[in-house]
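Please go over the structures that come below.
In what follows, chain A forms one complex with chain B and a second complex with chain C.
And then the complex of A and B:
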């Protein structure tokens, strides 16, 4: 479903993503973990066709991103970390805009939208996006993606800005979609989410993947919790020393 | 006082000074932090300085034109007084409406106020701060008010001291009245409504000014005899017009204005302590099903075109950019003998505004670039409405000006030549505007281009429009042109048309290249 070979992105001399190989199968929830600035968002941007890689290839749903980007975008769903929604559009207008772009059946979508709005407690569809809070925009963005039920979902820190109930619903919904055959690729800082939801995780640091396996395999290999493994692999200083010095 | 000065220094009048993030982020991603290097400038002072600098010339113009009118009218002091009461009532009304619009927003619980309420700042300081925000927004209107008042004072030679005191009373009266209504209506206005209101006020002020200068050409003696005009204006001179009480010869009315001002001030302080910065906005929650039932034209116009049209309707800057050249064109038609003299200024203004419109649509898209890039659409689909919408709307406005000329029996067939020329010029403007909004974006969120780019765009669009249109009007409207003059006109016109074609193609290619690279 998601394949990348030798994926690299350079910004001048700075290598943001360095020769990454990924292989995510259908129906899998794949967690992409890493500290700030490790290259998670850059990778997700390349995988979704919003950023051109410096080198390497990407294949989504068996299609090459270089030649068939529009077809791929039609079948995937992307929830970015910062929900950039046209500020002058009202909530329902943004959803209509998405329906029009994806040529979706309006009547069918409206039913789905109502269901999703009820689930995520959205009652502000008449409000301008520019007047919405980060959390409100995040929920709206989620609905615009989930209403289409895409075959592959890319989510960059999807729970940031969501209240506990909405975050829980989202997690359950993603697991349900995965059971039904959708592929989920998500980045998160919350290791508990990765531990509970993901079939496999990859840890990226300084642009390179330093570990990739199922959570249980990782735990078995390192004989530690996911948090300890993550910190052991990515943290440069001892946390206790840092706290003591503060 | 210290708290207020800190607020003004760091926040300024921030509801008007919305700085962009996206535009700056791209150019300063890894760059230095300018604020740290240069030290914090006084934002309020910066804003006020810019406003004063832009309002002062207008105040001088208004003073000069009013002065000339009142010098002529001084032979008929009663007519002069009627005119003065009318204009001052009108400017006072503009001031009140504008002040209340901004005031209702600044006295509501905005995100900024929400933060300030958590800090150890007195509510009275916040009240004064909000009052200053509203007051600063009316400096432009105030320049018309003061210019007009001084024009009357010097033109008709009224006793200066008494007149200045009456003017101060009038300003105090309308400010206290506006402040009271603002605080009572706190939260019932939005930022976009305030901006729209300010645009309409500015447009209204400009055209009132134009109208006033037009009076200069009217026969004053006949004006004095005209019972209809006198009747029409008589209300502003009557005792019922609260907005002229401060200037009334009736002492009771002046005293009433003083008492009313004091009363509203006391009432304002009393009310502001209780209701200011409270959540007074009505919360009407519509059912999602009800909201989704609304008639939409998204499928008819296509996603991007529909979205861009929405931006056009909801952005007050767009409304100004579209209305100003159109109303100006119509206005010129009233004061000039043929449609040629009104169409030329319309096109010269509209070509630059067309570039602004294309730039604003493109920069708005660029601000949500991350979203657009995830959508299954080509970049051509995205950019096409940014070019076509401004071009088509400006052509439609151009045709509308022609239709008005036709109705007014002022239509000149030569204006038909302007149709293909305006299409060419509007297309060129749209390409340039879209291109520079990507390559040289402005620092502020609502500013599509940098200052340098604005000069380049102005130079190309207005320069070429003038270089094409002026020779045409010369050729058709000036009689007995000499042979070399005719030749020069043709050469300049044809040369400029060729240059417009070449530049359109050049900027189209550059735009395509830069869009592909995004």
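And then the complex of A and C:
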């Protein structure tokens, strides 16, 4: 479903993403983990067509991103890390805007939206986006994607700003979608989420993938929790020293 | 692609009409500003004129006239033209310099001819007005003396007119062929031909600047451009949608500005006592259509330029920095051509913006030429297509869009 070969992104002399090979299968929930500045967001932006790679190839749903970007975007959904919704649009107007772009059946979507609003406790669709909190906009962004039930979902830190209940519902929903055949590619800082949800994870650091396996395989190999594995691999296991020195 | 562009345009319009400040500056202010401005100018001008007419002036006279009744004749004429007090004690230039209602008159005779010197302070408005009135009085005296002299020689002054001039106005219709009405209508059309292209040029461009920068560089700064980029709209559709939105808004603001301008001009003329000027222009349906096409083109080019520059810039501040010099150039075009008549040499119609000014003038004053209009149409249409193409290329360009990536 998601394939990249030799994916690289340079900004001048700085290599943000260095020769990444990814292979995410249908129905998988794939966690893309890494410390701040590792290249997670850059990678996800290349995979979703916002940024062009410096080199390498991307295939989503068997289609080359270089030549068939619009077709790909029709079938994928992207939830960015920052829900930058137009401030002067009301919640339902934003959803209508998305429906127009995707030429969706409004009656059908209305039912779906109502279900999702109930699930995520969204009762503010008549509010202007500019008046919503970060969490409220994040939920709105989520349902604008989930209502379409895309075949591939890209989520960049999807639980940031969500309350505990909404985060739990999102996790369960993503797992349900994956069971139904959707592919989920998500980045997260919350390793517990990755541990519980993801079939496989990749850890990226300084633009390079330093580990990629199923969570269970990683834990078996390193005989440690995912958090400890992550910290060990990203060379941040001197936390005690850091804390003691403060 | 067009359908997606219209969806983007619709979103932008909805965004705009929610913002109260934008509604005020885009819709209310243009209609209100000119009437208020010109109305105030008219009122102040009228008040000034009335104040000048009502003021009491002092004429300091230094006379070398030998006959007292000659000076009396001069003083009588002066009294007929205004509220003048006479001081026959000679002239103190310092008094005239400092006192705005003072004016001096040296009067003498050279043989049979009165020789007068009017002394006034040209920096002071009332002094200048008083001097003008004194001259008027002296000319009236001259006319009386001429008439009297002719009559004393048995000549009727009326019989000395050997040329009678009548006016006949063509190209301007008036009720019952009323010449004065036709003249006034022509004057009004001339005024519109001078002002309307200038104001439309300025206001379509200026009206688009803020909105255009906001929908491009502003959206980049806010990060909301990324929502469009991850969805299934082509970047060309995004570019076209934004240009169409800006074009629509610039036409709206320019029409509103135009309405405000015409109302403002009429108010000013009313206050200045020229409300009898016919408030109509000589333009048929085709003329209005041609004008409309020209305005659309102007809006499209302005929108194209602003969107192109806006999307190149990395921030609102940078975009303003790029667009302001272009605005200055356009201002210069408008000012330098304001007093020009239409129907210029062919090559003028190949220069963007200038060709629009002269085309509008041609339409107003009836010197329209199909060849010139088509040249203007082709040149400007090509420019619009070029800017849409370049903007779409920019939207597809990595370098510029990377700015939105945080």
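Observations, loosely collected:
Basically, the second predicted complex is superposed on the first by the 244 of 246 C-alpha atoms of A that agree within 3 Å, B and C clash if a C-alpha of one lies under 4 Å from a C-alpha of the other, contacts with A are read in each partner's own complex, and residues count from 1 in each chain.
As a working rule, contacts are C-beta pairs under 8 Å (C-beta built on N, C-alpha and C of every residue); 3 or more make two chains touch, one makes a residue touch a chain.
What you see is a predicted model, and the numbers here were worked out from it, not measured in a lab.
When the two complexes are overlaid on chain A, chain B and chain C occupy overlapping space and clash.
Once the two complexes are laid over each other on the shared chain, residue contacts for A:92 go to chain B alone; chain C is not touched. Once chain A of one complex is fitted onto chain A of the other, the partner contacts of A:49 extend to both chain B and chain C. In the superposition on chain A, contact is made by A:101 with both chain B and chain C. Residue contacts after overlaying the shared chain place A:163 against neither chain B nor chain C.
In the superposed model, A:80 lies in contact with both chain B and chain C. When both complexes are overlaid on chain A, the residue A:172 reaches neither chain B nor chain C. In the superposition on chain A, contact of A:114 is made with chain B only, not with chain C. Look at A:125: by the touch rule set out above, it reaches chain B but stays clear of chain C. Superposed model on chain A: among 41-49, 95-103 or 437-445, the stretch of chain B in collision with chain C is 437-445, the rest showing no clash. In the three-chain superposition model, chain A touches both chain B and chain C at residues 48-51, 70, 73-74, 78, 80, 82, 84-89, 93, 97, 100-102, 128.
On the side of chain B, the complex with chain A involves touching residues 190, 192, 285-286, 288-289, 291-292, 294, 296, 298-299, 302-303, 306-307, 310-311, 314-315, 364, 367-371, 373-378. Chain C meets chain A in the complex at residues 4, 7, 10-11, 14-16, 18-19, 222-224, 226-227, 229-234, 398, 401-402, 405-406. On chain A, the positions that touch chain C within their shared complex are 11, 41-42, 45, 48-52, 70, 73-74, 78, 80, 82, 84-89, 93, 97-98, 100-102, 128.
Listed in rising order, the residues of chain A touching chain B in the complex are 48-51, 70-74, 78, 80, 82, 84-89, 91-93, 96-97, 99-102, 106, 110, 113-114, 117-118, 122-123, 125-126, 128, 131.
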